[in-house]
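Got a structure for you, questions after.
Chain lettering (A, B, C, D and E) follows the sequence in which the chains are written, and residue indices restart at 1 in each chain.
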Amino acid sequence: MGHTDYNIGMLDVVLEVRDLRVLRGERTVLKKINLWLGAGQYLELRGANGSGKTSLLRAVAGLLPIEAGGVFWRSAPLATDRSAFRSESIYLGHDAPLKADFSAIENLHYWIGLRRPLQRQEIEAALTKVGLPAAAQLRPTRQLSAGQRRRVSLAALLLARVRLWLLDEPTTQLDADGQAMFAGLVEEHLRGGGIAVAAMHAPLTPAPAAKQELVLAAA
Amino acid sequence: MDFTWFHRLGSPPYIYRLSERLSPWFGWSAAILIAAGLYGGLVLAPPDYQQGDGFRIIYVHAPSAWLSLMVYSCMATAAAVGLIWRMKVAHAMAASCAGVGAAFTAVSLITGMLWGKPMWGTYWVWDPRLTAQLILLFLFFGYMALRASYDDTSRADRLSAWLAVIGMVNVPIVRFSVEWWNSLHQSPSVMKLARASMPASMLVPLLLMLAGFTVFFLAFLSVRLRAEVLRREKHSAWVREMVANA
Amino acid sequence: MRHFRLLLTRDLRLAVRRPGQTLLPIGFFAMVTALFPLALSPRLEELRAIAPGVLWVGALLAALLSLDHLLRDDAADGTLEQLVAGSESLLSLVLAKVAAHWLMTGLPLALLAPLLGAGLGVPVAAMPGVIMALVLGTVCLSLLGAAAAALTLGARRGGILLTLLTLPLAVPVVIFGARATKLTIEGGSAAGAFYLLAAVAVLTLTLAPLATAAVLRIAVE
Amino acid sequence: MRHFRLLLTRDLRLAVRRPGQTLLPIGFFAMVTALFPLALSPRLEELRAIAPGVLWVGALLAALLSLDHLLRDDAADGTLEQLVAGSESLLSLVLAKVAAHWLMTGLPLALLAPLLGAGLGVPVAAMPGVIMALVLGTVCLSLLGAAAAALTLGARRGGILLTLLTLPLAVPVVIFGARATKLTIEGGSAAGAFYLLAAVAVLTLTLAPLATAAVLRIAVE
Amino acid sequence: MGHTDYNIGMLDVVLEVRDLRVLRGERTVLKKINLWLGAGQYLELRGANGSGKTSLLRAVAGLLPIEAGGVFWRSAPLATDRSAFRSESIYLGHDAPLKADFSAIENLHYWIGLRRPLQRQEIEAALTKVGLPAAAQLRPTRQLSAGQRRRVSLAALLLARVRLWLLDEPTTQLDADGQAMFAGLVEEHLRGGGIAVAAMHAPLTPAPAAKQELVLAAA
């Protein structure tokens, strides 16, 4: 997975969150959130429905305004410059950002292709690795099953080759094999010096070695 | 060069107190000027030899029209400042301009239409200046609508600021449309004071009204600005203590 | 540059995949111009007199109609976030979007105009001028529309706000464009009008994309 | 009847919740009529001559514009399935949808016409006639549009197909309507034209809903 | 839950599927599917991603054309008349049919209200029962979290009071409590003489007494 290049200067590869406060509407849904994640670490966000997992992920990804506190990447505050963060991180929300009219391959070509040039074989390899049948790779994604669509966005993770994964319930709609497969992907990513943050309702199994857990309490 | 004044202008409490101190002065002088202007315009000034008393509408029409342009320019400038120096107060200033500006524009349109009936035989013609002025009104409305449709103030500030800046292109069109296209509309007579085409008895009240409208704008602005600043800073310490002391 | 090409091909390809949405504006344009002769008493000289108005209002409507989709679709299915995160300069994103929009609405409109103009009694001699005016005008409309679309992206009242914002920006273009068209049709010298139109086009072409990019950044983050 | 009321209030309430989408057609209508004078030389008698065309083309466009949302939105978020499963007769569903659509576009259009007509030099005396004609016409447009919308629901080419289907159906309405308007504006006796328009309205009112319901059943199952 | 009226004439309450074949595109995704479900029975559809669970549910619900075979409700073929079936069954797909601009209460009022008149208290009770906070009941559903939106559609099941539930992965995005709560709902529904068919990736726990399982093999 070409993660070798990571192993230089991993010390500063850090995602830090300092007492973050996030509003939704006018209600405070998150307050006093503190995080410190180094290379190779996995953070699992747990909490009841509506406890703020999605909000936290989106705030970190810069998709929600931050009311107070700050998010730091490589000890640079995102408030002022996100360029490094943007190119080194990827966020996957509840449902995959796929164009229903494009095939899985086209979607990845235009989506991840923006970050770095992609070979078609590369894309196909990734899709096969996440277990999307060759036939399904060419069909418009509107013609894929829910789980198959989910797998396409997992392939995006592989292809993006970025340090930081921000994942919102990445395993929903995956069958048993899918769950195991995903756990493998995370493991590999961490071994390569990556960082993963995932909102989950059931713990990832097998759990990665360097696992932290943050349980959000409903505000 | 010393920029402390600039930074002071950037601080909400300072602006709040400043406008609080100034608004009564503006208010009173506006009242006086406008009163004088109206007296001079409606009573002292002789009727026009061809329009009779109809021309007196100019004392409302022209000043409001000028102000509409001036206010928009102020709004755009404030917005630009807010964008460039990330000044909350400047954004607040721009936001407070919109309402008044729209009002002035509307007044100029209405008075103009009323005046148009006797002069051109119709309330409305699709003449460049008239059209441009109508667009100015739309710009004000668009600006306000845009602000209204965002919950998150800072986003509303920056987005509407861009709109204000983009819309600035329309101002010179309004201003100079009369020279650029052969328009039905009066060409700027007052501005060419050199060969003043108006008798002083008509001109002086007009200038008084203009001054009055301008100061009135400042007075209104200082009041609106205070409300705007309060709304934005309602959680801040200085507002809390001010409320506590009051 | 690579980004621009990638983004452009993306949008064009998407457009080809859903021809319905893509052809709609052109269909509208055709309808406007086709319906007028029907709705009015079809005396040619009368039609010829209003031809410029019909063509330009049609063009503006067609442009507006598709503008609503320019960014909103991508925002809705979450792809815009990813595009912004991916592309290092928003400018290339904006330019690609505008280019795609123009290629799918402006250009076809301009090319369709002679056909429809003929129905409105536009003399053949005037066709090149008409096309040229529309080309220049539609470029402006796409550029200005993109700016408005970016401004209203996260807004609550999407649609109408877009119209309200685009109208004042677009009116000068329509006026100049219609004047140029009118003069060409009447066979007078339209040079002046065309220069004016070209000037507007150059102006928007230089300023609008920058503004749009800046606005988009604010809208997405 | 209970179903009808429920469905109607549902759509109206939704419309209120997203004013942007709801006001868009009306905004378009206003724009069409406002832009023509700008694009054309502003001589009133000229404008008066084309006023009927402008008003009616504007109305048709506005109606079409909102038709696209009439069923598609509900189909997209899966609520249409549930509505069909819920309501025992599709007819009430169709009637409710059409009524809602008319109340949100047709009626406002008709009421707005005098204001905009004034800008086009339509004499005050003619206003009642103009409104009346538009009321009749927009009812037809909503009914016909609903049928077309149901037809295109399944088809992927959505938008353009809708336009193509509605246009031929709508053209007679527009022509009659414009004639009625023209005559009223010119102060002639428009009775004949109005009878024709009314006849068309009654015809569509009786036939269109049934057809739409039948088509919808096929489209959903 | 007013299920008493069910207990008369339960014998004929039967959903039957006779060697059903379903195409997606031109591919056959389901063939030779046979089912027999009586009152109080629960069927769990299992199978890998893309094995055809959703297709089967939609075919039974009449949302996909049937290529061969038939579906029978109360031993009447749906091909000829679905009126009874339509009023006695409800289908919930991968994502809830909610209007983002309506509050949870409004959504249910207009959605289930079509089937039978609803009192506001009734709706609120159902929403509270599925664990949607009172505050969240009034917010537009676009402002709800994924799991909260899911809960709204579960409330629809309660309010609809119909015999047959056709559910596509009803437990995704639900937190642990939510899963248990849902199991409770199903249990209750079956006790009342209802029938439930659910596509699941993990077995429903605690499993209902009368449980069948159909494992679909990827075509």
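Structural remarks
The definition used in the following text is that a residue touches a chain if its C-beta (ideal position, glycine included) is under 8 Å from a C-beta of that chain, and two chains touch if they have at least 3 such contacts.
What you see is a predicted model, and the numbers here were worked out from it, not measured in a lab.
Counting only chains that touch, the fewest steps needed to get from subunit C to subunit D is 1. Common neighbours of subunit A and subunit D, listed by label, are B, C, E. When chain centres are set by their Cα atoms, the one at the greatest distance from subunit C is E. Here C is the chain whose Cα centre lies closest to the centre of all protein Cα atoms.
When chain pairs are compared by their number of contacting C-beta pairs, C-D comes first. Of all chains, the one whose Cα centroid sits at the greatest distance from that of subunit B is E. Computed centre separation for the pair subunit B/subunit D is 40 angstrom, with centres defined by C-alpha atoms. Subunit A and subunit B have Cα centroids lying 50 Å from one another.
Work out the mean CA point of subunit C and of subunit E, and you get 47 Å between them. Shown for subunit E are the residues in touch with two or more other chains, namely 95. The set of subunit C residues that touch two or more partner chains comprises 18, 155-157, 161, 164, 167, 171, 175. Contact with two or more other chains is made by residues 131, 149, 151, 155 of subunit B. Pairs of chains that satisfy the touch definition comprise A-B, A-C, A-E, B-C, B-D, C-D, D-E.
Of all residues in subunit E, those touching subunit A in their complex are 24-25, 47-50, 54, 94-95, 131, 133, 136, 139, 143-148, 150-151, 169, 172-178, 201-202. Here subunit C touches subunit A in the complex through residues 2-3, 6-7, 9-10, 13-14, 17-18, 77-79, 81-83, 85-88, 220-221, going by the rule given at the top. Put simply, subunit A touches subunit C in their complex at residues 62-63, 82-83, 86-87, 89-91, 93, 95-102, 106, 110-115, 117, 140. The residues of subunit C lying in touch with subunit B in their complex are 147, 151-152, 154-157, 161, 164-165, 167-169, 171-172, 175, 203, 207-208, 211, 214-215, 218-219.
Only residues 20, 37-38, 42, 44, 119 of subunit D touch subunit B when the two sit together in their complex.
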